[in-house]
Each structure stands twice: as structure tokens, then as C-alpha cells.
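Each of the two complexes below includes subunit A, the first together with subunit B, the second together with subunit C.
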Partner chain A sequence: MRLLLQFIAILAAAGMLLGMQRSTPGYAEITGPLPASGRPGETIPARSFTLTVEKLVLAERIRYRAYGRDFERSTTGLWAVVVARLEARPESVSIGGALWRSTAGFRFEASQRVAGAPRLLTAGRIEPGLPARGILVFELPRDQAAGGTLLVSTARWPRLDSQARVSFAADAAESADVLDLNGLANE
Partner chain B sequence: MLAALATLRKTLFSRFMAGVGGLLALALATVQTILGAMPATSLPTVAPGEAIDAGRWRVAVLAAKVSTEPRPDGYRGPQGKASLSVDLDILNQTSESSNVVSRILTIDPPIAGLEGSPTFYLLRDRSILNALHPGLPERVRVVWAIPAEAVPPDTVRLTITAETFKPRDNLLATPGWFNPKTIAAVTLPLGSAGRGDGS
Partner chain C sequence: MSKAQVQASARAMRLRRFSLWALPVALIAALALRGRETATNWWRASDLFPQPVRFDASAPLAGADWRVVSLQRVAERPDGTTVALLELEATVRDPAPFALLPCRIALADGTGQRWLPTFLAPTEVSRLPSRRNSQAKTCGPALASKPEAGAVLAIAESFLLPRAAFAQVDVVVSLAGGRPHYLRFARGS
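Here is the complex of A and B:
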């Protein structure tokens, strides 16, 4: 009888430990990004910048001029171009992390295929007091293009730092066949 | 006297058991090391153009050739070198953009004079490959520099390395891809017979 009780106690303890282990968030979750959420059109304050998304355009192809040449880029999916305004405060920032999280949970980094395109927010630095209007360009499969969330942070993998999150409704996007990036985000 | 004997017996017994445990652990580790060092008995072979599930990638090796033509971006390669190029169709099967493609292909047996790490080109843009995004398949050309005077073999055998997904790694409990393992081999004809389409 005593042995049985001991056995049950050990089982109960093991079960409790397992439950505690499973319900504890991991280190990566505890030290993850601190979300600052909003909708397009709202000004979202993050720790070192504010972000205002103006519009989202889905395009079959994009065109831009860089390094003295004209480029036209195709894709098997769609190009998602976000026009946004960023203001650094209280110090200069550069945007190291720009991600598109689709409604299915896929995470797309900003495309490097448009390197050199005008007014990319991920290129260069934004100074305090000089808000910058610019673009973020993503490449998405067609079935992932409806809705989604834009994640913007200064670090590529923000740890205990804020991440601006802008969630788009499924019908929030304008669409275009060929989108010209030149002058798209001019003041 | 009796008590002392009993203590001695207990001590000896516990030392003996510790020794047995240690030996068992040693034997297990040795067996694991030997098993790990043994060559894979038979590597599955895939046909050129056949897509294979290689962990985070889905990859089909299409064609290989040796040529002195410029690379996709127009670069002619280092002086006195030709290029050995392999064309792939590749799809990122994970849920995140990634540029860690360099480890999937190994030339085995190695070709003499080949330079270590190849360059990956995205044929759609005719430029160096950056990240591959989930769900967006791309055609990629992998280019090694090879001495121009080297006589390439008739065929090239490539092995494909895959990693396995761990939802929580042992250090930071973050998801990731670990334990690279050779999973398949593909043999391609080389030279004029193996010229890939689209130069």
C-alpha cells in the first residue's frame, strides 16, 4: 500500500514537472520583440521610430531605375510594395528588419532583388526630425498575398526591442500590372 | 567487526555498480561513434530533373556543363579559369525566407582543381542569388571556378545534403535546422552533351 502511494506520488510529480516544462514560454519567446500594433493610416510609435503606412500595392511586375540602368523584375508570385512614412526619435535609426507575415504565418523578408531602387526604407539611415517617405518591397506567392502583417524593427531579429506591426485587411491592397517604383514615394 | 565488514561490502558494491555504469556508457558512446563514422551503405540515386525533398529545400538538379562563357551576370570568372555550372530548380519549403543554400550540393568524388565554394546565381535576374522566399520556386545556377586547362570527367556526381527541423534547439529553445545528412546522389553528364538550356 505504501509502495503504491509512493509510486503514485512519483507519477504525479513527474506529470506536474512535465506540465510546468510545457507551459513555460521558451527563452526566445521571453526575450522576443515587443509588439507595437496598428492599422494602415495610423501612426504607430515604436521605441526608436514611428511608422505610418500609407498604402499597399500588389503588382505583377515592378520597374525601377538604379545604377544608371532600368530594371524590370518579374516574379512567380506577386510584388507587394508598401508606401510608408518613418520618423526617427530620438536618434538616427536604420531599419534592419522588415518582414511580411502572411495570414498563414509565413515570414517573408524584404526582397533584395530590388537593391538600389529609389527610396527603399531598408537602405540608409533615417535622421530625427527628418521624416522619410519610402517603400518596402516584398515578394509573395499569390496564395499568401491576401491580408497579412508588416513587421518593422531596427534590428533584424529584435530582442526586447519594439517591433511595429501593421495588419492589413484582405482587401486593403491596390493592384497594378506593372508598378513603377520611381517617384512612387516622392514627397 | 561485523559492522565494518558490512560497510566494506556496501562500499565495494556501490563502486562496482558505478564502474558497470561507466563501462556501459563508454560502450554506448563507442558504438555510436563507430556507427556515425560508417559510410552510408547505399545512397538513393535520383534522376536529373527529379525533385527531391531535402529538408528545408525541394530541389531538382537539372544539368551540368563546363564552359568558358561568361557567368549569368556577365562576369567572366577569374583569369585562366573556366566554370563548372550546375542548374537547379529550388523551392524554399520552410515558413521563412532563407539564403542558406550553399550547403546542399557537394561534388563527390571531388574534381581536381575545383575551387572550394561555388557562387549561386538567380537565373530570373541574371544576378547573384540572395534570399529564397517560401513558396516561390526559382531556377538557380551554381558555378564553380575550374582551371581552363583541366580535363573534366565525362560525368559529375553530386550529393544532396538535407537538415532536419527541431522545433526547440538545446541551447535557446528556438526552432532551427540541424544535423546535416547526405540523402541522395545524382549523376549528370558533363561537357557538350550536358549543356543546360538557356546557356
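Here is the complex of A and C:
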């Protein structure tokens, strides 16, 4: 009887160890970004900034003025333009990471095709006490735009640092044929 | 049970008890050994101990004597932003610790907010006649120039901060050769 009990105890311990081994997250997950999640309209506090998303606009084309010239950019997909407000705390920060994660799990970095557009939140520094209202612009395939999540962090690949995550409902976006970024950022 | 068996059993019990007590000691020792390098790096990279200095006084840090020459309001923007220019003077005493990078210069208020240096547009710099022909460098390039002992360096940094905060901010100077200690030139003193 005692032998049987010992055998059961060893089996139980082995099972527990196997369970612990299987359920232990990997190194990348343990040291990955620390999510601070919310919805549009909510103020999401991250470690070194707060983020409030005002709205999301999906457009066929975008128009803006930069370097003394007017630009109009088209795309085979859609332009996703997020209007948001950022506040640094307690220290000056730059936004190094802005990603769009689609419901299928694909990640899209903020577009480089709109360099020079007004009030790009990824372009400048955010100072404490001086909240910045601006835009984040993504170029997405049409089937990846609905119901995505915006990921914002100070580092491009945050490790053990906050990442603000804003989930959009599938019908949360406004739509436009041609979107004027100058008007959107300054409205 | 024979006397020899009793003695063997007692010895085994003592050994097990010793092993049990040794386990936490061994764990702590292993953690200390594994984390020593990380802890040392954190200690050398952190600003932990402020050394308060009068705003018009000079103080030694990382092989140099530091002095605030001026902290000026260069411009006001319509959105309530103040553009500020900080000028420092460093007299090098020991070049080796002085040349260690990175250096951190900031403006800090009493609530823990810190403003880091930013790029100042040439149009805003030229508003100050004294800056038009200035040879002052920002902190990083000044340290990287590896000055010799006795050299006097002019260092300038620019900042963007709220108008209301400008009058209350202190100047914080932190160098790799001086951390975890750093200088805090207090406006109020």
C-alpha cells in the first residue's frame, strides 16, 4: 500500500512538473511589452506617456502639405489615420513604435510615405505638460483594416516597457474618399 | 534497532536539516552571483543621489567643475511653449572620467517632471545675439572631444517646456563618470 502511494505521489509530481514546464512562458514573452489596453475615447496610462485616441478614419486617398508643396497619396489598400492625443510623463519621450495589428494577427508599421505630413506623432518629441494632438498614419490592405488594434510604445520593439493598445470595433472607423491631413490635425 | 543504526539515522537527519538550511543560502548566493553584473550596470546608469548646488555656484562631478552660466527664455510659442536655452561651463580636472558617455542634462521641477534637451531651430537660436557666433557644443559632442585637463568647455542645450514651469525648474547634470551621484542646480537657492 505504501509503495503504491509513493508511486502515485511520484506520478503526481511528474505530472505537475510537466504542466509547469508546458505552461511556463518563453523568454521573449516574459521580457516582452507590458500591455496597457483600452478603447477609443479612454485615456490609457503607459509608463512614460498617456494616450487618448479620438477617432479612426479610413480613406482611399490622403492629401497634405509639406515642404511647401501639396501632396496627394493613393494606395491599392486603404489609409488608416488615427487622431490621438499624447502626453509625456514624467519625462520627455519620443514615440518610436506605432503598429497596426489586424484581427488576423498581421502587424503594419506606420507609413513612411507620409514623411513631412503635419502633426505626425511619430515625428517629434512629446514634452511633459505639453500634450500633443496629432495623427498616426498606416497603409493597410483592405481586408486588414476592420477591427484592428493600435499599438503605441516609446521603443520600436519594447522590452519590459509599456505598450498602449487601443482596440477598435469593426464599425468604429469613419470613412472618406479623400482625407485632408492638414484639416484633420488642426480641427 | 542497534546503537550503530540509531547513530547513522541521527547523522542522516542532521545532514538533511543542514541541507534544508543551506538551500536558501545557496539560492541567495546564486542570485547574487548571476545578477551582480546587472546590478552593477543599473547602479552605474541610475541617477540615485542628487547633490544640491546653489544656482550660481560651481560643483565637481566626474572629473570636472560644473557651473551654470545662464538659463534663458529664448522664445514663446502661441501654444504656451517656452523655448529655453541653458549654457553651462565645465572646467576639466580629470579627463578620463569626464570623457565617459553618455551624459544627461535636463530641467526638472519639484513634481518629478523632467525635460530633456531638444533640437532648437536656427531661427530661434539667432534671437540671442550672444549665441550667434557661439562655439558651444551640446553635452555629448563636448565630452566626446576628449578635452585635456585644464580645458574650459562651453556647453549649451535647448529645451521646450510649459511657460508656467520655466521659473521653477532646476538644472540637472548627470555624467556616466559620476553616477549614481548627480548635480542639481536649484533655482530657489
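Please note the rule applied: the second predicted complex is superposed on the first by the 162 of 187 C-alpha atoms of A that agree within 3 Å, B and C clash if a C-alpha of one lies under 4 Å from a C-alpha of the other, contacts with A are read in each partner's own complex, and residues count from 1 in each chain.
One rule holds for everything that comes next: contacts are C-beta pairs under 8 Å (C-beta built on N, C-alpha and C of every residue); 3 or more make two chains touch, one makes a residue touch a chain.
In this text, all values refer to a predicted model and were calculated from it rather than measured experimentally.
Asks: Of subunit B and subunit C, which one contacts the greater number of residues in subunit A?
Replies: Touching more residues of subunit A than the other partner does is B.
Asks: I'd like to know which partner A:Leu130 touches here: subunit B for first, subunit C for second, both or neither.
Replies: It touches subunit C, and subunit B stays clear.
Asks: For A:Arg85 in the superposed arrangement: first (subunit B), second (subunit C), both or neither?
Replies: The answer is neither, since A:Arg85 touches no partner chain.
Asks: After the superposition on A, what does A:Arg73 contact: first (subunit B), second (subunit C), both or neither?
Replies: After superposition on chain A, A:Arg73 lies in contact with subunit B alone.
Asks: Considering only the touch criterion stated at the top, classify A:Arg47 as touching first (subunit B), second (subunit C), both, or neither.
Replies: neither
Asks: So in the superposed three-chain picture, is A:Arg63 touching just subunit B, just subunit C, both, or none of them (first/second/both/neither)?
Replies: In the superposed model, A:Arg63 contacts neither subunit B nor subunit C.
Asks: Can you name the residues of subunit B that touch subunit A in the complex?
Replies: 95-97, 122, 124-125, 127, 130-131, 133-138, 168, 172-174
Asks: In the complex of these two chains, what residues of subunit A are touching subunit C?
Replies: 89-92, 125, 127-130
Asks: Note which residues of subunit A are touching subunit B in the complex, please.
Replies: 26-28, 73-77, 105-109, 111-113, 139-141, 143-144
Asks: What residues on subunit C touch subunit A, complex-wise?
Replies: 79-81, 106, 111-116, 118, 160-162, 164-165
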